[in-house]
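Chain nomenclature is as follows: A, B, C and D, assigned in order of appearance, with residue numbering initiated at 1 for each chain independently.
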Amino acid sequence: MIKAGIIGATGYAGAELVRILLAHKDTEIVWYGSRSYVDQKFAKIYGNFFKLVDNICGGDDVAALAKEADVIFTATPQGFCASIINDEILSQTKIVDLSADFRLKDVSVYETWYKRTHEAPRYLDEAVYGLCEINREKVKHARLVANPGCYTTCSILSLYPLVKEGLINPDTIIIDAKSGTSGAGRSAKTANLFCEVNESIKAYGVTNHRHTPEIEEQLGYAAGRPILINFTPHLVPMNRGILVTAYASLTDPAVTEEAVRAVYEQYYGGETFIRLLDQDVTAETRWVEGSNYVDIGFRIDPRTRRVVVMGALDNLVKGAAGQAVQNMNLMFGLPETEGLLMPPVFP
Amino acid sequence: MIKAGIIGATGYAGAELVRILLAHKDTEIVWYGSRSYVDQKFAKIYGNFFKLVDNICGGDDVAALAKEADVIFTATPQGFCASIINDEILSQTKIVDLSADFRLKDVSVYETWYKRTHEAPRYLDEAVYGLCEINREKVKHARLVANPGCYTTCSILSLYPLVKEGLINPDTIIIDAKSGTSGAGRSAKTANLFCEVNESIKAYGVTNHRHTPEIEEQLGYAAGRPILINFTPHLVPMNRGILVTAYASLTDPAVTEEAVRAVYEQYYGGETFIRLLDQDVTAETRWVEGSNYVDIGFRIDPRTRRVVVMGALDNLVKGAAGQAVQNMNLMFGLPETEGLLMPPVFP
Amino acid sequence: MIKAGIIGATGYAGAELVRILLAHKDTEIVWYGSRSYVDQKFAKIYGNFFKLVDNICGGDDVAALAKEADVIFTATPQGFCASIINDEILSQTKIVDLSADFRLKDVSVYETWYKRTHEAPRYLDEAVYGLCEINREKVKHARLVANPGCYTTCSILSLYPLVKEGLINPDTIIIDAKSGTSGAGRSAKTANLFCEVNESIKAYGVTNHRHTPEIEEQLGYAAGRPILINFTPHLVPMNRGILVTAYASLTDPAVTEEAVRAVYEQYYGGETFIRLLDQDVTAETRWVEGSNYVDIGFRIDPRTRRVVVMGALDNLVKGAAGQAVQNMNLMFGLPETEGLLMPPVFP
Amino acid sequence: MIKAGIIGATGYAGAELVRILLAHKDTEIVWYGSRSYVDQKFAKIYGNFFKLVDNICGGDDVAALAKEADVIFTATPQGFCASIINDEILSQTKIVDLSADFRLKDVSVYETWYKRTHEAPRYLDEAVYGLCEINREKVKHARLVANPGCYTTCSILSLYPLVKEGLINPDTIIIDAKSGTSGAGRSAKTANLFCEVNESIKAYGVTNHRHTPEIEEQLGYAAGRPILINFTPHLVPMNRGILVTAYASLTDPAVTEEAVRAVYEQYYGGETFIRLLDQDVTAETRWVEGSNYVDIGFRIDPRTRRVVVMGALDNLVKGAAGQAVQNMNLMFGLPETEGLLMPPVFP
């Protein structure tokens, strides 16, 4: 049994890790780390785990936990993982960091967008960007995995094959993304109260959301050069789900939907968790809720010669905890899909 | 592998059966029966099963299916199961009927409340009312199980120990129930459109909802005599979940919360799927969503000497498909919890 | 023009007062009092009033405001109004208090249920309970009106004629109430976050909610003796609306629906804001949203001889700000319906 | 009093016309035309109007109605208005058509996108496109006004000044729009059931939604040449509201936010119903619900030199019934804002 510790277990992503790991046949959760709820019963904070989890929340002493756990998930605010990581810890345990600390290779980009000093830049090179479908082989040998953001996972997977194959002009990429409210976290803010979110939709972080450089870096690798994109997230009155609607101009106006589809098939045909939708179907978040699947579809506009790509995933699963477990599976040599094949829950 | 056929697979309860059985290690779904979608791909109707189910919807020929399937789930409108059942079918397969056809022992009660003639009253005696926690032993030997209704399961389990032990006066029982909208089914009705349900709550079936006699019959067995109750269901703007708030006068005004709790513990202490809540906690549907658990709690009002019992479950799982699979497990000698231990999904 | 000041303008009820008073042809709002947002633009807090209200939020100095305003609405936490009220203020202005400070005549009941010392018990006698349809004449001559609670307004109006006329046994009254989430206020609490409320329903304050004694007092006046009831509020995932489902035993089992209806007609037939529903219709909150109407309907259960009464209103309008303005209209000799005839908004 | 007739009064837009006209001091509704509910009480279909509207639904005989009504609103499916209009009717009454029949000047564009033959192309020239803020003078003298679509109103108003002043390259315009579900109408379709819409978001009509050519035509007038855009609508789990997020490249990369803002001020500074948001605020549908306001804001991305414009309105008010009444006011020489100044309802 893999002994797993969770730091930040009382956030939504942390609690989703608990849900997934409880049903994972090769893991045992040994630590429910929290900052706000130390010494309280975890199941008092998340009543869904009543009678399923008896543990008390512990603190966030990663150094101590590293001696006990085979893998530590840090579902923590920006800066935490960078502030505690060191060689000794990495010699004792593997780390899957769900924060942004090790996602960006260029420390100055991190410090510009996150407006904080990076406390452990020397691990940036070693850290593997844990987008399994792209970096599978590297993840297998990693000690430190930077688990991608929710918007990022959906955006990159939706566009990666088109950029990599040069089918679209990367400078024309516009990503309009929509997220359920669990993406805003569980801290008590007026803006996230039921009555403020319900019956409304808004954009936020317009032109400056922190997932922008992460998307640009990864798609830039695919393009072979730095790129700039527009990325606009929106808050939607639903609990879970991310929908990405991405626009880009085709480099060859004569390319057909069949040709584009063939490229997607080539990249994703063998992937369990990426479902390339039929041509008459568009992505809907309801079809992936609770699961680790990403649904991707597209249309070519015959008039403007732009492609419109739509991707949908569950922000807490493939966008956070599910992908973290997928990374863990790879890091420990388990079947990549272990514990992650639960069908989407609808309605 | 148990070969399972589903008639009514394209309703919400039917589709939930698919979700649960897909993850059940001892079953294989051999038939996706539908009336509205014959010859269409099941995964076109329920996109969550895209790439997970390749099957085409079949019709509702139970006689043919009985030759192939070890168990048939009929998640069908009232009257269907009664119209097709016969000895030959029952000699070939087991049936778990999710409709009301075999829930009421008294055919005249059925005909009065459902306003239709019962086509197979001779099976009423044989049919076992499939509330596993109450009728476990009978279910194990049944060929025909009448799977309880969603409101009913929640209402009966919430009150059963109190009635059985004579702690409350059954004639004072008032059940005020609230249900998510999936309970209203998937047929296209104006009253169930998003804009009609969202931002509203209403009672319906006031004084005449069909689950009333079912609750009365089962609680009447516990009371040892016929009883009459008030039952009022409400439609709530959420997808899943039933909350029952039940009121009754204590027979002994001096009884303590500890004593009442002890009775609940005596009946349900060993039950996996019934979670008796701590005394400072009230039942909330969010904590059971997607799972087979029923959460039950209560308070005694020291002023009126009434007990207020609150029960919560997921209407599609413990209130329909989950309980049906729990019954199937018992009927086939499998562990009762097989395929049903998925933790609740929150948020 | 009546000069109106609002203390607590940045709560949901306060902001609803702004919405109503802006459209009221005889009033001018001269003060937007707040505790949390002093010196900020009101329209920055409530973007719906952008370009409609230019004012800056002021503090809560009622003594100063009393010199300027003809009427002051205190939409403030319990204890505030009692802590500031005095003869000088009441000689200068009229007060409509939306808190519970002056709703209960018996100070010991207040102190028991609200767990605080009442700072101005000498005004309890003078204060008029502002349920206009019941206390209309008294309100007209009041200096200090205690505006009823939201649950209370709906509960009392639904049952008042039946209690007053002795049609039901008051000791059998059970009120099961359901509220939209704006009733929980705008302060930032985890329990009221979108993801916590959405897709869930729960009871709260079971057996001890503070609106209980208010209902008991008012219905006790109607009964001519003290009564005890059960009152259970529930939180529903919607912004606005209260639905009350009330149960009581008929004193005369032979009474007909026509007879009960005649009593309702006698009491409410002339009321603008009470709509007695047709006998085949049940109350739904969607039909009153945004308006000052209360919809009331009922059924007699021929089997249990209980009456089930259902009432629906908008908790922020008839349950708070609308009723406060209705009281103001009466206090100033204006037509009672002035500024309150906006039709409900649906969907 | 202006006598107003409504054809299609039982759709959501028709019912919203009723709500607005009931509170309009210069109009009287003389006809509640319906196809599905003829001879039924209107208030039985829309319970919010119980006791407010006593009328029975009539049919759709516009020729007869024209003799009685000063203005007829046709809130009807595509093709209806074109099928009944003639000179006699237009000599007797004014028409505000809420369908698309007379929005597009080029009949071939209509026939291509709507896949039907236009039955009255000879009125296309006369019809005035009723976007009041753009075509105010023409509307004043019109007999036949084509009331703009909901997406269209929001899209055009958001971008018009930028296109007209040449600040953006029209060929780069991408409009990503999000709508509440009332935009999908009140007919009973499975796809619009509560459980299908709730907890999900999806795009639809990708590359081929019928509002596309309407936006292109109007912005083409502003540009002085034909343009092609991408327009993608999305269905959001909320009742009302449209949010448009539009992207376009600046023609002069050096243009400042102040300069862009000045242009918006120049066009909209005097408009009552267009609220140009402060630079630190983004449009949110919750702030316009129930009202005739459009909120518009923008950001310039300093990295990509694109402008991101966000507009929000209530699809049933400024996107349908409110704008129709605004047009009526202009057509009859009333103050343009008459009956339309109700503040937005929040929460």
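What we mean here is this: contacts are C-beta pairs under 8 Å (C-beta built on N, C-alpha and C of every residue); 3 or more make two chains touch, one makes a residue touch a chain.
Not measured: the values here are computed from a predicted model.
Peer 1: Work out which chains are contact partners of both chain A and chain C.
Peer 2: Neighbours common to chain A and chain C are B, D.
Peer 1: By CA centroid distance, what chain is farthest from chain C?
Peer 2: Measuring from the centre of chain C, the most distant chain centre belongs to A.
Peer 1: Between chain A and chain D, tell me the centre distance in angstrom, where each centre is the average of that chain's C-alpha atoms.
Peer 2: 38
Peer 1: What's the distance between the Cα centroids of chain A and chain B, rounded to whole Å?
Peer 2: Here chain A and chain B have centroids separated by 37 Å.
Peer 1: From the C-alpha centre of chain B to that of chain D, how far is it in Å?
Peer 2: 46
Peer 1: When you check chain A against every other chain, which residues touch at least two of them?
Peer 2: 12, 182, 195-196, 198-199, 237-240, 284, 286, 289, 347
Peer 1: Sort the chain contact graph into one of these: line, ring, star, complete or other.
Peer 2: complete
Peer 1: For the complex, which residues does chain B have touching chain D?
Peer 2: So the residues of chain B touching chain D come out as 12, 181-182, 186-190, 192-199, 237-239.
Peer 1: Help me check something: in the complex, which residues belonging to chain B touch chain A?
Peer 2: Result: residues 12, 15, 18-19, 22-23, 46-52, 182, 199, 239-240, 275, 277, 281, 284, 286-291, 293, 295, 341-347 of chain B touch chain A.
Peer 1: Sort out for me which residues of chain C touch chain B in the complex.
Peer 2: Touch residues, chain C against chain B: 174, 176, 178, 180, 195-196, 198-204, 206-207, 228-230, 232, 234, 236-241, 243, 245, 247, 282-286, 289, 299-304, 306, 308, 310, 312, 347.
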